[in-house]
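Take a look at the structures listed below.
Shared chain: chain A. Partners: chain B in the first complex, chain C in the second.
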Partner chain A sequence: MKRSVYINTNGRLSRKDNTLYLESETYGKKPIPVNNTQEIFLFGEIDLNTRLINFLGQNNITLHVFNYYGYYSGSFYPREHLPSGFLLVKQVEKYKDEYERLKIAKEIINGATHNILKNVKYYSNRKEGLDEYVERIENERKNVKDAKTISELMGVEGRIRNIYYSAFEIIIDGKFEFKNRTMNPPDNPINALISFGNSMMYSTVLTEIYNTQLNPTISYLHEPGERRFSLSLDISEIFKPIIVDRIIFSLVNQKMIREEHFDQELGMCYLNEKGRVIFQREFDEKLATIIKHPKLNRSVSYRRLVRLECYKLIKHILDEEEYEALKMWW
Partner chain B sequence: MNLVTGTEINYYFVCKHKLWLFTHGINMEHNSDYVDIGNALHEKSFTREDKEILIDGRIKIDFVRNQLEIHETKKSKAMEEATKYQILYYIYYLKMKGVDGVTGVIHYMDNHSKEEITLREQNEEKIKQIIEEINKIKEMDKPPQKVKSKVCTKCSYYELCFC
Partner chain C sequence: MYVLIVYDVEEKRVAKVNKFLKTYLNWVQNSVFEGELTEAQLNRIVLWFKGHLDLECDSVLIYTASSEKWLSKRVIGVEKNSTDNIL
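Here is the complex of A and B:
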């Protein structure tokens, strides 16, 4: 399986012949094998040139850039290497038809909230006081199918998310205080973890989309092209509970992430380098986790599940098979 | 002449679903499982001096004394048919371009046997039919039935088809 490369040091990324090199004070000059690299995450301050960018493009490697605070700044998405005009037209058609768009958006929320519920249920078997949250989410989930517009659907989703977030403190045994989700900027450790994790998820999904014919700017739940590759936001919704939130719960509960892994500055809170490295390691491991896929009758990694989600969308868009979002079955 | 590619001929025999996906630009990253000799033949003007064409680093065609040679490892009956007709199509194609009398040989690497391929009249008829059917499949707005057979497990579209 191809690797993701996480660069946390400062330095220079360059191309020499057919190899990538990372030069840094800490590690010296280190080669990065191109053949089994699919994406690179830049967290440090890195110099690079167009020779490198061209090389990444030739090798279909996506590059995700994060700023000093670990906030996502953007991606280098190389020229599409698997274009299908036919699919693009169909993808747009499904967006333009309100009914068709809502159908896909609902199924995404269906999957996302199923996975949210699954998390809360998992912890309600282990901790007191979560049953009430399970019930509230179950009740609110019933409204998904009745939503008449995207904004109604977003409303349902928002309410479910609020209930879910209010269960976080119980899930993490109050190790950190967490009242509200704030994003711009995150103001406490849990918000910092969620923001960081979500942007890692977003980037990962983007890389998977890149390896299919789907166009990342045409989405169904989120408004297309709102400054971002919005299809990646759509698909991320399904995976955030399965991957990001689970990582947060276990890192905090096992005390692998503690106060000292955060820096606070002017009312904002972010993971410091140590914290990021811990998170990345966990994230990488999680994506490599293998499970048996009942329909394929094959073992697949969690990362592959993201790809399969793209495939299912493709089949739906081609009117071949109705889209059914991934609902955690394990 | 209504052109199709060798790959399309090949897929026609292996799986029409795959043929549809492929012709609609739905490719997998690693389409290593097909005999992609066609594209090269279409792109290059085929001259007698061309002695050897290596495509994908995997399939070698030697063009020696008006003979096409393909070295293939034996897969399944379906694959054999597919390869055979792919070669017949090249011979037919060359004939249309005015290169007459080309014959083909498939070398099966695993048991060292070989099969001689000559374009007969009934093959030509069949090829014309196949081309017509391929063009019909290309025009369909949805993919045709999946084959759901043994070939699926080795097909690069397996995950897409069955997830």
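Here is the complex of A and C:
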């Protein structure tokens, strides 16, 4: 399987000898095999030129750029290599029809909250005091199917997420203080981890969407806004609990991420370079984790599950098979 | 599958082989490459070798393992180039 490359150092990325080269102080001149690269994450200060951009375009490699604080800035999304006007029309039709849109959105939330619940249940077997949260989420989850509008559905999702986040402190044994979710900017280490992880998830999903015929700007749960790929926000919802949150719990519980991996200043908190590398390694490994898929009857990686989610959505859009969001079975 | 390619070719072709393999695998040492490949990618590499090498005198060895897990690797001395993808 093609790999993702994460670049945290400062330097220059260029095309040379028909492959990619990273030149930096720490690594010298390091060749990166193009044919084995699917996406590149840039966290350092990297110089690049149009020759490289053209080359990435030719090889269908997506490039994700993150700013100094590890915030997602944007992606170089090469020319669509699998465009399908037919699917696009269908995709829009499903959005325009309010009933159909709500159906897809509900299924996304249904999957996402199922995975959230699964996380809390997993920890309630080993930690005291989580049963109450399981019950509250289960109760709130009943409202998903009765939601009449998207905003009502978002409300249900928001409440479930609040309950879920308030369970975080128990799950991580109070190793970090975590009261509520804040963004822009995150104010404590857990918020910083969630923000960072979500943006990694978001860009990974985008790369997978790129490799299907779906159009990333037309979404169902989130409002398709301008200047953003909102479909990847939709699909990320399902995977955030499975991938990002699980990584956070294990990194904190195993004390791999500690106070010293964060830069804190004036109510802002960000992962520093060391912390980012730890997270990326875990993230990369997680996506490569292989599990047995009961329906396909073969082993697939977590990354593959993201792609399969896109395919399922395509099937639904083409009215071939009803969409059923991924619900953690393991 | 995880692949290890070692080559010994006539001097004038060394750079050419090196450049080609760099687009698929991680360059670990002079004339040694390793990395994860698909079956199709490996076929493409083999075909390229057949077309560009003098099969009378050049020699290329390809070792494969079903996964990196089944390959143990020890480094003694300097690790010239790591295969890490987190840089």
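Observations, loosely collected:
Simple rule for what comes next: the second predicted complex is superposed on the first by the 327 of 330 C-alpha atoms of A that agree within 3 Å, B and C clash if a C-alpha of one lies under 4 Å from a C-alpha of the other, contacts with A are read in each partner's own complex, and residues count from 1 in each chain.
The rule we apply is simple: a residue touches a chain if its C-beta (ideal position, glycine included) is under 8 Å from a C-beta of that chain, and two chains touch if they have at least 3 such contacts.
Please read all numbers here as calculations on a predicted model, not as lab measurements.
Of the two partner chains placed by the overlay, only chain C lies in contact with A:5; chain B stays clear of it. In the superposition on chain A, contact is made by A:308 with chain B only, not with chain C. Legend: residue contacts after superposition of the two complexes on their common chain; A:318 is shown touching chain B, with no touch to chain C. Shared-chain residue A:295: touches chain B; no touch with chain C. Shared-chain residue A:281: touches chain C; no touch with chain B. In the superposed model, A:211 makes contact with chain B only, not with chain C.
Look at A:82: by the touch rule set out above, it reaches chain B but stays clear of chain C. When the two structures are aligned on the shared chain, A:27 is found in touch with chain C, with no touch to chain B. Chain A uses no single residue to touch chain B in one structure and chain C in the other.
The part of chain A that touches chain C in the complex is made up of residues 1, 3-9, 17-19, 22, 24, 27, 30-31, 33-36, 277, 280-281, 284. If you check the complex, the residues on chain B that touch chain A are 24-27, 29, 141-143, 158-160, 162-163.
By the touch rule above, chain C contacts chain A in their complex via residues 19, 22-27, 35-38, 41, 81, 85-87. Those residues of chain A that touch chain B in the shared complex are 82-87, 211, 213, 293, 295-296, 304, 307-308, 311-312, 314-315, 318-320.
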